[in-house]
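The following pair of complexes shares a single chain, subunit A, combined with subunit B in the former and subunit C in the latter.
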Partner chain A sequence: MVLGTYKEALSARATDSKIQKVAQDGGIASALLIHALEEGIIEGAVVAGDPNDDWAPYPQVATNADEVLQAAGTKYSMSPNVFGIKEAARQFGLEKIGTVVVPCQMQGIRKAQAYPFSIRFIGDKIKLLIGIFCMENFPMASLDTFSEAMMDSSLNDVKKMDIGKGKFRINTTDGTKDIPLKKTHGYEQSGCNICNDYVAEWSDVSTGSVGSPDGWSTVLTRTDNGVDLFTSAVDVGLIETKPIEEVKPGLPLLEKLAKGKKDKSKKEIERRTKMGIPTPVLY
Partner chain B sequence: MTNIKSISPTSRQEGHAELLMEVDDEGIVTKGMYFSITPVRGLEKMVLDKSPETIPVLCQRICGVCPIPHTLASAEAVDASLDIEVPKAGKILRELTLLAHNINSAAIHHFLIAPDFVPEDKYATAIQSVSAVRKATQYLVDVVAGEGIHPSDIRIGGMAQNISPLAKEKITERMTDLKGTLENHVKLMKGFIEESDLPKGLGVVDSPLFATTQFYGDVNDFNLDDVTEVLPEAWYGNEEVGKRACTVIPLMNGVNVETGPRARMAKFAGFKDNGVIGFHIARADEMLLNYQRIMELLDELDTSAPARADFDFKGTGKLGIGVIEAPRGTNVHMANIKDGKTQFYSAIVPTTWNIPTMGPATEGYSHELAPHVIRAFDPCLSCATHVMVVDDDDKKVLKNEMLKI
Partner chain C sequence: MFSRIKKALSGPNEPEKEEKKPVEEKPQETSSPTKPRVGYIHLSGCSGDGMSLTENYDILDVVLMDMVDIVYGQTLVDRWDMPEMDLCLIEGSVCLQDEHSIKELMEAREKSQLVCAFGSCAVNGCFTTYARGGQQAQPQQESFVPISQLIKVDLALPGCPVSPEMIANTVIALTEGNMTYLQPAIDLANCTTACGCDLLNNVIRNARCTGCGTCALACQTRALNMIEGRPHLNNARCIKCGCCSTSCPRMWLPVNQIKENTGL
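Take a look at the complex of A and B:
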């Protein structure tokens, strides 16, 4: 299954305008975290903050809705949230932790839960894992290149970053600028080229824009916990949904991209293996 | 006629040691020699030429039983060599970590001595009590210092970060809950120990007491000039033992000393008893003092204050000394950092101080009681061992340069 194991696929968005305003797409990750906090399912969440307002993400512990909203929106460079989980469990004293991470981080977390080396007593404290769709991720220097060199804008002035419809877009104080996605190739982290997971197959709930119309997100609920939380957020009216079959472009596009990523990574792994470069074993 | 009795390795203690006793016709020990046969620890050499922040990370691996005192003594030694003043919150967090660890370690020791004192039908009760105490105290170490066993967040300059108000609240809650559990635990263990029919005078020692403070440790009460080290050949007066012993013998003002809970309690808390029973009672009582201190410090901790100082890692080239009152006694680490790298490192750890004192403490009583004496000191050998056997064929200590202060 190219989308991993899931219980239900939906198109959804947060109903709260406060979330919609700051969210990347449908605001599902933010809405779920806020709901989990309010319901006491988690005491805090490790989120990708932007403490210096320069798009260099840094894991921060959010323990209320305001702190979650401050960190809303996608950052296209890696936020080491896995590292943040340990801090949350230790110095922050959290015993029920949630986080939002990309698929490779999700794999790391699940593996750490199974083999808790140097994260004693942490795996069982992780109560909510939201995964976001991810095709690739850029080192900060790459984002800097796109913004400063290719679009003549300082990262500090960028209000929002977005990838969609074949473009890498930034919203700055003087309007929207973009470059074709093709121009970003080669600037991604090299590990992303051998990554085979597009839709965070190991999460409780996965979400991302692909498959749903603007302002909406595609959601895959995967675990019982994930289903319960999502259903409860819908029940209280925090999230509204549409059947995925009724939206365009819907699951076919998601499946196509997920399959494309798996095929591409397989080829790249074969290429690297031939050259004698060590690559991860995928199960 | 003199007979020789040997126990090798001595049991229910960390690491391997041997107790060699000369006994008379009645089986009374006339001369006791206790020495480590655990292989060399070698860390003092491994840290050379490393950057300061690496040192505590490596040195905490000296021992898995006592990693916290080693991390702290190491960090304190490096702090001193870098001329760092740790901020108040950092000091409080460090001390909290140590106090919780010391309670935890005393509880582990109760597990080790349970077969000596606890009636079989009370075994499960005693072990559950040990576990309850350990769980709560290890929780504190986990949260404050990052890891219960090899703490990642005790850093040069203080602590990686302060704890959150929520974490302080949770620790306070758990520690408040621990009060009854701990008091009952101490009462339970003391009851078993006091009921024991071991002779009162067993294990009585009259060596000078070595302890710098009741809590944490204070470098100002430690004078390096008072310390000398002799090689085992010279100390034991027995060539065979001298060849096999793996530690040097540290002396304070030329004589061997006693360090550990009883030494601290006798020096600073008016504790009077001596001997095997006295050691055990002191260790149990100290758990309660450490507990009170935890509660005081939690109250004092400002969670918004900085826990770590900025510093220049290049170093001063002066010898920094870190002195920590560890579960088994005074733990001393010494470091010299210059040009950002370790030039010199040395450690004299608690059990090393006690090694020359433990053997003689078995004298005057039946050799069959000697293991009780050794266990009363709660020796921990892995950290204590640091003589290099260079010639493997005849096991002779050919080089001792790593011991020189």
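Take a look at the complex of A and C:
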């Protein structure tokens, strides 16, 4: 249960080279959004774009494949996509909204759907929730520190950021540079340390790189809607899959990291409670 | 009706519940005795919560017509004397210089098994907190307090206004005696202050914020913007409804309810 409830676990990637080129890993989030848009399952999606091209993400509403691709690729700072849903519903007037969010945001959305105190006529418009694996998130100043102070590169020159195999990596105009993840510890935002969800347990479909080979993503289908959309994307040839048992490192690594996050957050919550610092009340 | 909830709320006061039970079957009630009798009282508020209750019949017709009897309420029921109620929804804060409001509030407490502070004005004062009197036609009316300052409140539904969906969820949970769903609203009953500052004091300052943006989604007046991954409060726009911190998943998280809703 460290991965939450899921129907199927797979390794997968988008078959379209246009998606592969811009995607972080297998391009699953982009492919699913594009497919959902084309099928009319959603009218628009709230995605983490990079409007100023400076790695500071901000929610954008994408209503076609080009806009989805523009926002492809992971940004390692906070994009308040839950807030973006307001723009999608009120400014864009969308009746069917999808979004790609990290686990804490998934919790916010699911809470808003269950207890919509002031959030009127939003919950039922959310038709697709893609969750991405997330260990922690960094303020922009932390990313700046990694890039400028630790790797001697201006953020402006960074083409891609990636975390994997124990390293924080940047691709810049003059090549690839990395620092061990150990050096990034302590630079994450503090709220992440009490989060126990690595794999977005309340999504329709969760996806992320961990468990799959380079260029592929691990996918967990969770709700019936999630299964239907993913199956349909595979059926039309937009996504290709491999059994997760046949890839390295596979689910054991994902489970290890998910459990690690749960254990760590439990310890941190106990530590804070001892100090008299309030932590989320769970019902 | 609501006996399970009343019991959970009042504990040792169970005999009172037994006394009230026969009241439900009084012959003067024209409707089915099994339906909860709901009253609606409007104190000092803008009527927005009442509109939220009544305007969205597409969601609420089943709830309002089939599941409950509305037995009291201006514009809702043609009745002047206050009947016994299973649940009284009270909208608006109460004005300390308005004897009639205070009397109505006290009477409602006496005649209702459950009192619900309905909407942020009743819960915590909301924008009536800014009132300072000196206005026609009642210049002396200057103090507007949350109803829980004068009477015991059983559950609170903040919102400016409370969304129709939330009203429907709550009424259904009440008729079904679903304590799991109601518990957060019961725990909110004693909240008498709220504003965007709660995010600073309770969430960000306590290292809980992850910048998800749910607070800004919940904000009714766009007083919140998200800047560098944190909510940024424009004080001048804040009406002190408390919806931001109430909606924050790091204040409280209804894990069991979400699991039930999603099957995950």
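Just so we're on the same page, the second predicted complex is superposed on the first by the 281 of 283 C-alpha atoms of A that agree within 3 Å, B and C clash if a C-alpha of one lies under 4 Å from a C-alpha of the other, contacts with A are read in each partner's own complex, and residues count from 1 in each chain.
As a convention for this text, a residue touches a chain if its C-beta (ideal position, glycine included) is under 8 Å from a C-beta of that chain, and two chains touch if they have at least 3 such contacts.
Note that the coordinates shown come from a computational prediction; the quantities given were computed from them, not determined experimentally.
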| item | value |
| --- | --- |
| Combined model on subunit A: subunit C and subunit B, fit or clash | clash |
| Partner chain in contact with A:V227 - subunit B first, subunit C second, else both or neither | neither |
| Touching partner for A:L94 - first (subunit B), second (subunit C), both, neither | first |
| Touching partner for A:I85 - first (subunit B), second (subunit C), both, neither | second |
| Partner chain(s) touched by A:R120 [first = subunit B, second = subunit C, both, neither] | both |
| Contacts of A:R110 with subunit B and subunit C, given as first, second, both or neither | second |
| Contacts of A:N137 with subunit B and subunit C, given as first, second, both or neither | second |
| Which superposed partner A:I163 touches (first subunit B, second subunit C, both, neither) | neither |
| Touched partner set for A:M151, first subunit B, second subunit C, both or neither | neither |
| Subunit A residues touched by each partner, larger count belonging to subunit B or subunit C | C |
| On subunit A, the residue positions that both subunit B and subunit C contact, one per complex | 86, 118, 120-121 |
| Complex contacts: residues of subunit A adjacent to subunit B | 43, 61, 63, 86-87, 90-95, 118, 120-121 |
| In the complex, subunit A residues that touch subunit C | 4-5, 56, 59, 77-78, 80-86, 101-102, 104-105, 107-124, 137, 139-140, 189-195, 201-202, 222-223, 272, 277-283 |
| Interface residues, subunit B side, partner subunit A - complex | 142-144, 146-149, 152-153, 160-164, 166-171 |
| Partner subunit A, residues of subunit C touching it in the complex | 52, 157-166, 169, 180, 183-184, 187, 202, 206-214, 216-220, 226, 228-229, 241, 243, 246-258, 261-264 |
